[in-house]
Amino acid sequence: MTRTKVAVVGASGYTGEELVRLLLTHPNVDLVVATSRQSAGKSLAEVFPRFAHSKNATALRFSDSGAKQIATDASIVFLALPHGLAAEFAKPLLSAGARVLDLSADFRVKDADVYREFYGHDHPAPGLLSKSVYGSPEIYRDRIREAQLVACPGCYPTSILIPLRPLIRRKAIDRKTVVVASLSGVTGAGRKAEVDYLFSECNESVRPYGVPKHRHLSEIEQELSLLAGEKMIIQFTPHLVPINRGILTTICAEIATNVVKMDPAVVFRSAYGEEPFVRLLGDARLPDTKDVAGTNFIDIGWKIDKRTNRIVLMSAIDNIVKGAGGQAVQCMNVMLGLPETAGLT
Amino acid sequence: MTRTKVAVVGASGYTGEELVRLLLTHPNVDLVVATSRQSAGKSLAEVFPRFAHSKNATALRFSDSGAKQIATDASIVFLALPHGLAAEFAKPLLSAGARVLDLSADFRVKDADVYREFYGHDHPAPGLLSKSVYGSPEIYRDRIREAQLVACPGCYPTSILIPLRPLIRRKAIDRKTVVVASLSGVTGAGRKAEVDYLFSECNESVRPYGVPKHRHLSEIEQELSLLAGEKMIIQFTPHLVPINRGILTTICAEIATNVVKMDPAVVFRSAYGEEPFVRLLGDARLPDTKDVAGTNFIDIGWKIDKRTNRIVLMSAIDNIVKGAGGQAVQCMNVMLGLPETAGLT
Amino acid sequence: MTRTKVAVVGASGYTGEELVRLLLTHPNVDLVVATSRQSAGKSLAEVFPRFAHSKNATALRFSDSGAKQIATDASIVFLALPHGLAAEFAKPLLSAGARVLDLSADFRVKDADVYREFYGHDHPAPGLLSKSVYGSPEIYRDRIREAQLVACPGCYPTSILIPLRPLIRRKAIDRKTVVVASLSGVTGAGRKAEVDYLFSECNESVRPYGVPKHRHLSEIEQELSLLAGEKMIIQFTPHLVPINRGILTTICAEIATNVVKMDPAVVFRSAYGEEPFVRLLGDARLPDTKDVAGTNFIDIGWKIDKRTNRIVLMSAIDNIVKGAGGQAVQCMNVMLGLPETAGLT
Amino acid sequence: MTRTKVAVVGASGYTGEELVRLLLTHPNVDLVVATSRQSAGKSLAEVFPRFAHSKNATALRFSDSGAKQIATDASIVFLALPHGLAAEFAKPLLSAGARVLDLSADFRVKDADVYREFYGHDHPAPGLLSKSVYGSPEIYRDRIREAQLVACPGCYPTSILIPLRPLIRRKAIDRKTVVVASLSGVTGAGRKAEVDYLFSECNESVRPYGVPKHRHLSEIEQELSLLAGEKMIIQFTPHLVPINRGILTTICAEIATNVVKMDPAVVFRSAYGEEPFVRLLGDARLPDTKDVAGTNFIDIGWKIDKRTNRIVLMSAIDNIVKGAGGQAVQCMNVMLGLPETAGLT
């Protein structure tokens, strides 16, 4: 079996490092390019001491290759770049025939106006928006298979869309009453030298941020509206908590008035019973980020609150794995016709 | 000026230790009794090395005195006991004429049936329920002044009631739409030897618990209903986060349909402009538990979300200070006619 | 190829859980027994939610089987029991022909008098001491291959013996000048309900303990003395630091007077150049526990201090993997003639 | 009683913020100037939300005043600037008659050659070195009283010099055998935007650094040599641990051969029995950073190890208080003839 050559562009951040970790040990692909402007010339093993034992990590050096060269060297390219830059980089890659998995926000939102509203600048490649597939395998598996451009979802959207989807599709909840609180680990802020994310600023600190209009709302509401068949607007409050990895999301919504009796266990088992990375906790257990750390799983729990006629959905993911690099590799597996769990267990 | 003699019953837990810390340096009272079954005979300085320099902490030994002796030795008694035990201990203290500040849940709920529903056993002293005053100075200052029995609020209720109160009283929000997510530090679980609260179980972990009917709901809804003048039921999801101290609470509620325009800054300044321990952040800054750690302040921020017609209220307190021992000392100051900030700054 | 059946006795602690994690995915063995008194009857997936996706973890239930039954069901048995209990359990297992890997301290010290001195009670099975092999593959690989009873080293000894060994054997350092400071994560204290290891007692705390005569000194000095060919006594100060996993050890020793010039890089490469789990950092980089977390590696760095004529050795391991379960699996691989890295990468 | 006007230059770092905290509530001084280039124009309350309730913090704005203006406004000036800059700033302040407490390393080392060796550049004001007094009140109280220029010690030196001093002076230990391991919280790295000190780089990480020749060795060995009356060189290994505040130092040294019997309790009580900020734990208890967090205390414990003929000294301080701002305020109190504990309890 021939092995696929893959590249990671912008490989020195947390998401890039996680992609490197997964791709170095993936049974069916070879990581042949990893770019990083500030680390160019150094081996992966030097920059990431945790990979020091890996022969591939010792042999492979960071480059600052351009898109054309990368498209020659690899057939699958992961972009772990800031938004704006990612779209610019994607254009020549796509023209050169590479298949691209973009982990930035650049191709998630289909509407260039919404992009401008939430990201504050014009979209650098609006013509490509219609070509991209939102990289949530649980929702778009079939379209991902054929896609040339996959827009991997953000970490918050992943933790919100997967639990809400079966209930929205069945119209089991009142779509106007969705209130979400998410708690994110600090890797979510990226490996950027900013005072706000210093250890001593985050340790012994819990704080909301991005209230009331966090950028991820654009893609969350787009996808929820597609599922609902009508415009959906939700309340979303992200919080920063002092853990490295993990997002815990709690979603409250009123049960729709026409629903006489709902058994969430049946609903979720029907939607996700066969999904390799969705673990249903039932209503006997609640999710905990430490149970998913380092894995590609999403754990989902729920409670019906009879006093308030609401359902409380709770999910946990590793923001850097299922919320970023792991889900991207899962998409790649779909694109290549590999077992979806290859390299992820 | 004569100094008041005070006692702390059950002084070896986190709340008891914080009371001891505040009372040892309080300018107007003398801590003369501290009880602890397991530490009886040892000095406070031995058990709490952080007080080793304090002459009073070196001189005072933990006792396991009974209520009668304590009522003879002190005129103000703080109870930092588990619920159930606290009510039993309070009865003889009150009979003997002591003024009691109870930090357990035993006297917070006015209705013995609600107590049984939420705490799973009959109330040990239902006859005293009508005598107790809920120890929130911002709400009940005048009644606390004369009270013989003060039921100090729980940490979650404090973080929820103070922000919600002005809006409920003005009927500025739709009382059926209140959804609360609270994030608590681990001292909230008490100094109990339980595997669930070991360092390695809580570190790198974020998890909801007590869903959907946490015990504190009983007092929260009682007080909200009193403010609203009608029955209020809310959605409340507590989470455990890996910090020692602090509660961060995020409250979402729809703005009432009859409200044309609301300026929360005006509402909050009118309600709390003179309060010594309420800090209003306005809508320019969001609260952070690290800004209130070790203090008796509650920081309150807010945002109006025009997209959803909701208000998002966010508060931060130190769960062991404003959420427990500090608020109790604040109540004591009110009871004794002292400056409300005495010993708290 | 036939698969070997293995058992874990005492599988509900941190070490037991890690053994379970490694054995569930090991390519050459089947975990057929896991015992736990308090969890008997429950599946592994129920007790450890992080294994919820594993079919084997769902199928296998904790038992409280006795030694005879276990020896019938499995040919390799890991004991993750408290010291004292482990020796009692090992006796019938060995009589029944099972090969035993004990992770307690019971068979590490060869001299029953030393055992009594350090552990405070008579050894329960002194006759077995001479049969056990100290389970450090880097030192005793050949003897482990044939052993029926392997005494897996403690976490501190592993982090100290591997770096010191090449220097002791070459008499490159003055054996009377060895001073060690070790910093351990809190899983090292076990999953025991004790107040000292609560989150709020360990977070924002750094503290030495077990000074000056920690129990692990008994095995450390035994092994060092064997290497030196004469009695060795060292200074050892363990500290508890607020991380889940990891031990960082710093060793200082004077360079022996007869050593004219020593290149540690040559010494270490000669000793460990072929070892699969020893990573030599050279003197350009210093170890960090986060680089070895979740792995079976030991990272070793060094600096020669010309000002003091000392060498400073620094090592990092995951205390639960290379310091416990991972090293035990490595020993098992040696015993079974498997690739030493099987199931460990 | 007239109140003294004081200034803090470089007030936006961790040390500056701690100075501000202590000076805002100090009973005998008024903080009248606080400078910060990046925060100039903002009030202290805006920049440090934890001081939001303080009228002084609300009234006082950060400035970027020059030395002359500051010397006009205040008679005592604290410098919390990077080394190099501090000396440049001190020169005009001293010329203008201000008394200066410098918290950088610029005036700690008496020998400009040693300064160059350890700090890598020429000393900016070598002529002032002889005028400065090392700001350790336990050692130099009398000279601090009259000093115009006080060089406040580093955090590591404070944690090492105070425990070692009585033993060195009595020649109770062999001065060639001192081996020190120190564990520091992350505020020690300052409030600088550097990737190495991001939360996700420090959390779940323990690592040595600055091996074998950390800059603080220059002042530690200078002061030890002065105490010993002969040149002293020690082994010193600092480590970074994931706490906000605190240094835990463990010192091992051989007991001098001529010492027949030493009772450290007698030695330490004789040296520090009257010191307001030294707490002697005896050999029954070991220090813990959490017991000194937020205070100006140094806790000292010890153990005699008969097996090795060494003494093990252990100390704990808050690196930002006794290791920086608190000790500076203690020095100021000495300079002004105030009670040494003023504003520090």
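Per-chain residue numbering starts at 1, and chain names A, B, C and D are given in the order in which the chains are listed.
Keep this in mind: contacts are C-beta pairs under 8 Å (C-beta built on N, C-alpha and C of every residue); 3 or more make two chains touch, one makes a residue touch a chain.
All figures in this text were calculated on a predicted structure; none of them were measured in a lab.
Q: Between B-D and A-B, name the chain pair that shares the greater number of C-beta pairs in contact.
A: More C-beta contacts join the chains of A-B.
Q: Look at all chain centres (mean of CA atoms) and spot the one farthest from the centre of subunit D.
A: Result for the farthest chain: A.
Q: Could you please state the distance in Å, as a whole number, between where the Cα atoms of subunit A are centred and where those of subunit B are centred?
A: 39
Q: Using mean CA coordinates as chain centres, what's the subunit A-subunit D distance in Å?
A: 46
Q: On a C-alpha centroid basis, what's the spacing between subunit B and subunit D, in Å?
A: Chain centroid spacing, subunit B to subunit D, equals 37 Å.
Q: Note the residues in subunit C that touch 2 or more other chains, in rising order.
A: Where subunit C meets two or more other chains at a single residue, that happens at 185, 201, 203-204, 242-244, 288, 290.
Q: Give every residue of subunit A touching subunit C within the complex, in rising order.
A: Counting only subunit A, the residues touching subunit C are 25, 49-50, 52-53, 204, 276, 279, 281, 285, 288, 290-292, 294-295, 297, 299, 345.
Q: Mind listing the subunit B positions that touch subunit A in their complex?
A: Checking each residue of subunit B against subunit A gives 177, 179, 181, 183, 185, 201, 203-209, 211-213, 233-235, 237, 239, 241-246, 248, 250, 252, 286-290, 293, 303-305, 307-308, 310, 312, 314, 316.
Q: Could you please specify the touching residues of subunit C with respect to subunit B in the complex?
A: 14, 185-187, 191-195, 197-204, 242-244
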